[in-house]
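Next, two complexes with chain A in common: one pairs it with chain B, the other with chain C.
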Partner chain A sequence: MPKKLNLTPYLFLAPALLVIGVFILYPILAVIYYSFTEYDIVTAPVWIGLKNYQQLWNDEVFWLALRNSFVYLLVTPILIVLCILLAIAVNRKLPGINAFRAIYYVPVISGSIAVGYAWRMLFDTNGLINGALLSLGLIKESIQWLAEPALTLPIAMALTIWLGLGYYMMIFLAGLQNIPEELYDAALIDGCNGIQKHWYVSVPGLRPQITFVAVISALAALEVFNEIYTLTGGLGGILNSGVTMVFYLWKQAFKLQHAGYASAIAMALLVITLLFSIVNIRSLERGTEQE
Partner chain B sequence: MNRKLQFRVSLSVLAMLLVAVVALAACGAPPAPAAPAAPQVVKETVVVPQTVVAAQTVVAAQTVVVPQTVVAQQTVVVEPTAAPNPEAVIPNVEPNAEITLWTFWLSPTFDDYIKDTIARFEKAYPGVKVNWEDHQATFQDDLKNAFAAGKAPDVINLSVSEGWVSDYATKGLLLPLDDKVSQDVKDLYFPGLWNEQIVDGKNYQFPWYQGMNVELINMKIYSDTAGLKLEDFPKTIDGLPALCKTIKDKTGTLCDIRLTTNDLLAQMVYEGGVDVISKDGKTFTFDSPEAVSWLQMYVDMVKAGTVDKSVLVTDQDRVGLDLFASGNAAFYQTGPNLIREVRANNPGLYGYLAAVPAPVGRSGVLGKGLMSLSANAATKFPNASIALAQFFTNPQSMLDFSKLVAVYPSTPKSYDDPFFAAKPIAVEDSAKPIAKDIISKYADIVPTIPHKADVNDIVLQAVQSALFNNVPAQQALSDAVKKANALLAQ
Partner chain C sequence: MTAAQTPAVAARRRNRQRHIAETLFWYVLLLFIAAITILPLAWTLLTSLKGPHDAIFSVPPQLLPQDPTLDNYARVWKQLPVGNFFLNSIVVAIATTTLNVLLTALAAYPFAKMKFRGRDTIFYLLLATFIVPPQLTYIPGFVLARNVFQYYDTLVALVFPNLATVFNIFLLRQAFRGVPNDLIDAAKMDGASELRIWWQILLPVIRPSLATAAIITFVTSWNDFLWPSLMLPTMTNKTLPVGLAALQGMFASDLRATAAGIVMTIIPILILFIILQRQFVRGMTGAVKG
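And then the complex of A and B:
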């Protein structure tokens, strides 16, 4: 007797599959197609084969953007270290500690665009930072922070770190609260001081959270856009000093109206982030296995 | 038997139906609404001589007398017809057209004005319905997406100064107007504005509200601290470097000057008097001595440390305006319409404001248009769309708009209103008496530039290299010309 096809599971899956198909699968397939076309968004795409990829290979700004994106990855280790320290600091039963934790979380809910503009005001020629430095006598003339190519990326990275501090801190805090108190007691009995206690107990105990934060924050760093856009006023910094992969993609697609070329950049970004994530997860997992 | 019975029943039913119909007609029908007065027709019998030709037998034509009834006198009662609306100047507007208008950043401040103008339009062109949407920061993205989806609005508010009209017209997305608009209508506008952004010899826009750049002066810094006089403000851009040095030396503040980074080629043309492309359009020429001299002027100012570098190369006017509004700059070039922003953000500064004419560039041309209204080439209602674009830009609509905010009409007739002749009291109005003279001289002197966005990006990189990377101006521009020419060769 032939087995009766049971449609029930497919019906349950259908809404999710529909959403994934329309909002993820179709756009990915469309981007793959557009990457082989000359397309300015407003008129129909024209098939040009591999020309966009050839152009990409010879495009100095693309390689600069790639380099800047990898430099931006420095935010990941800085975030991990700072967030673990902060999580340890707030993982104590002190009066008002919850308010303290909430304050660290405020940048996360503030929105990167709003925070980006606030930072821009801070770093303006007549902004708060120059005002403070001038009044303290540390500088004699205002520094034009955002007009210095060498400072564009560091300021944007500092902004990303500040924005992400509260979010990743919460993840580590949750991890710390799952570490049994007995382990700390044992470490103290073994003669560990305060720092050693965290180095030998907290850090290994936070390994899953570190893996998670490393992957998530690295992907976010590779895809950074808002911070660069707001701080550089949509220009990408003087001499392209702040241009990252996603910013360059946006510029090509929406400023220069080369959506086909931007699709080729998107494909390159997809491959790079995929490879990077695989390597990242494998290396972190290997570290866990060795322990 | 049966047939007889059937016949009787049928007769009875018929009779009952007749009775019922008569009864209903007599008392059941509701009173009819008062009918409009019917035309009265008076008929009389007259004699009309006719020539009748016999069909079969051909004989000599015979004159006979045929009695015939004809209408001799007719009294027609009609509703009084309104006089033609003088603002309805576009003929053959499609009946019952429903069109969409997109404006750029006018809501909510000017909601009442836009709605009132639409109401006037719908009265002038009965049967046409207008749906209005205002788009702001995402206007360009929204519009491109709408064109891509085939759902672009019928009438679009496009910036002339940013080159949007030529961008869309080049792609065949806008409706050419020259052969659809009569000469009388064209003559309503300043010729220089009507002929702006010509693409392949055709005009695609009705010039709308115009801006007029003035130099807003912060008298606290400019006069009180630096000791400068308003009448000494440079009349040409060549005077700016010396002015900035004086202000820096005497007050320690930097000049709030902005390059139009979105369209440096246009700035080169107006400010530097540069021919950016050869007459035949086959070679870029923006590395000429005039271009180098123009760029060197800014390089010297950056090296002297007299300009705010982050404002100089921002693509957002707001950055420069904010610096001025914060009270930390001696002057800033902007439209008088944005003085309201200064007043709103820093009322304390408003009392110290003055305005002088903006310095003229080496081209000698005072400026170019600001905003326009264009019709979508794919609109289902081209005449209604043209009518709406024309209506918003007609002398009355323009005058009404100018009374609300410091913008200037594209129509000479609007300036005949006493409003423009009145002596200015507020600083926002300081340009009113000279507005007609200045706006009438606006002209688009930028030639058609292939790959405009890409070439502008190349020029921006060259300018930045010269300003911030110690690359000599000549070398930066020559390298940029090579890259731009390579684009032409593709």
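And then the complex of A and C:
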């Protein structure tokens, strides 16, 4: 009997695929096209060949943005280490431990815009940080934290880490709770001390979570915007010190109306995220195979 | 007390002392981290309650307001349509969440339980889009909003592009996979249509995962900033985060008012978090299972 094509699965898929097609797949194709044009969104795009890419190659701000985005990736290993330690700390039966977990989670749900502006107040010349450091005698006069090019990126990265702590901690905590207790008992019998036991049991046991957090937090780092926007008041910092790939994309497309040029930046960003995700997943998978 | 007991008692006492010291150590550590976590937000809350005679900046810093006041909130409320921001955020988050979970649950079912041509290809294609930076799609998205769908400067612009997310499809596919096939087969024997099976039998079974997807979608929508900031130029149309950015521009030198704005933005989602705490935590972490 010839098999009749069953339409049911396709009907179930249709609405979601339509949305993803229109708002993700089509935009990728459109951005590829726009990147070869001069386009201000209002008037029709004009084909200019490779000009945008040539301009990109000679654009110092673009290279700075690229460099800044790569520097920003440092948040990923820091988050992994801090959050595993934090998860180990809260993975014990103490009275009130749930309250602590909940408190650590508050920044995650508060949202990066609100929290970003709160941090901007803290680091204001007249903010709490200067007040505290002055009264402790650690500094002689107020520091202009957010007007110091060398500090823009580190402060934004600290904010990203602070925002992510609770979220990634919870992921690692869930992972820890899946590790069978017997493995820890065996490690103790083998003579492991408290720290060794985590190194030999917890860390290998958390491999899937580490892969997940590495990929997710690296993507988030490459796509960072809100932290830079709030801390620099939407300007990108003195001397573009806080300008990342996405910030530059946004500025070119929506502040300067250079949508064609911004599309070329978007293509560069896409290639980088692609390469990075492949390398990230590959290397972490290889790590698992060696187990 | 016999001689044989003494060492044992001493050892037990030493053990207990060690236990107390260890517990104390963990509490100090946990409290320290909690302080770091809460300090920026607590400082913001205290600043928002400060009157004109309370110092924002002083050495040493003044933490508590001497004469607490709600004037700062009133000032922000008078200058900006904060009520609209609230309503807009709620409408967008609820609409996005409901429709998104519905559409992704529909799509996830065949991926989990049906055999059809192109299934794996489509699925991996979807997974690959996961690494596309959303900001890349905003340029064509902006053109679509202005020229094709005509929803620029309306709330629809925030709902429409977020009607389906690959992440939720993946999450719910995992959930459907966990449902035993017998359940579906039995319903089919009774002559139920696939749509009915999905709605009446499967959705109730995977309710915890639906809650997870809903919470993730709601929080993401609530805190979304870049796309809404591009789409909503008119003040009364803005959502809370976009309104907060506008407030920050208007009250740049008024830290008390800025602080009040920040608190007003955080409070609603914080209340929701406190009510649904358990679901929240399970929701945000349940998404990763190896």
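Just so we're on the same page, the second predicted complex is superposed on the first by the 288 of 291 C-alpha atoms of A that agree within 3 Å, B and C clash if a C-alpha of one lies under 4 Å from a C-alpha of the other, contacts with A are read in each partner's own complex, and residues count from 1 in each chain.
The rule is simple: a contact is a pair of C-beta atoms (placed from the backbone, for glycine too) under 8 Å apart; a residue touches a chain by one contact, two chains touch by 3 or more.
Model, not experiment: these values are computed from the prediction.
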Let's test your reading of the overlay: on chain A, do chain B and chain C clash or fit side by side? clash
So, A:41: does it touch chain B (first), chain C (second), both, or neither? both
Between chain B and chain C, more extensive residue contact with chain A: C
Answer with first, second, both or neither: which of chain B and chain C does A:223 touch in the superposed model? second
Does the superposition put A:236 against chain B (first), chain C (second), both, or neither? neither
Identify the partner contact of A:124: answer first if only chain B is touched, second if only chain C is, both if each is, neither if none is. both
Would you check which partner chain A:147 touches, where first means chain B only, second means chain C only, and both and neither mean what they say? first
Once chain A of both complexes is superposed, is A:164 in touch with chain B (first), chain C (second), both, or neither? neither
Going by the contact rule set out at the top, does A:269 touch chain B (first), chain C (second), both, or neither? second
I'd like to know which partner A:254 touches here: chain B for first, chain C for second, both or neither. both
Residues of chain A at both interfaces, chain B in one complex, chain C in the other: 41, 124, 126, 233-234, 254
Can you list the chain A residues touching chain B in their complex? 40-43, 124-126, 141-142, 144-147, 149, 233-235, 238-240, 254-257
Footprint of chain C on chain A - complex, ascending: 5-6, 8-10, 12-13, 15-17, 19-20, 22-28, 30-31, 34, 41, 86, 89-90, 92, 94, 97, 100-115, 117-122, 124, 126-128, 130-132, 134-135, 162, 165-167, 170-171, 173-175, 208-209, 212, 219, 222-223, 225-226, 229-230, 233-234, 246, 249-250, 253-254, 259, 262-263, 266, 269-270, 273-274, 277
Touching chain A in the complex: which residues of chain B? 140-141, 144-145, 147-148, 168, 171-173, 254, 261, 305, 308-316, 319, 323, 326, 328, 453-454, 457, 461, 464-465, 468-469
List of chain C residues in touch with chain A within their complex: 23, 26-27, 29-30, 33-34, 36-38, 40-41, 43-44, 47, 56-61, 103-104, 106-107, 109-111, 114, 116-117, 119, 122, 126, 129, 131-144, 146, 160-161, 163-164, 166, 169, 194, 198, 219, 222-223, 225-226, 230, 241, 244-245, 248, 252, 255, 258-259, 261-262, 265-266, 269-270, 273, 277, 280-281, 284-286, 288-290
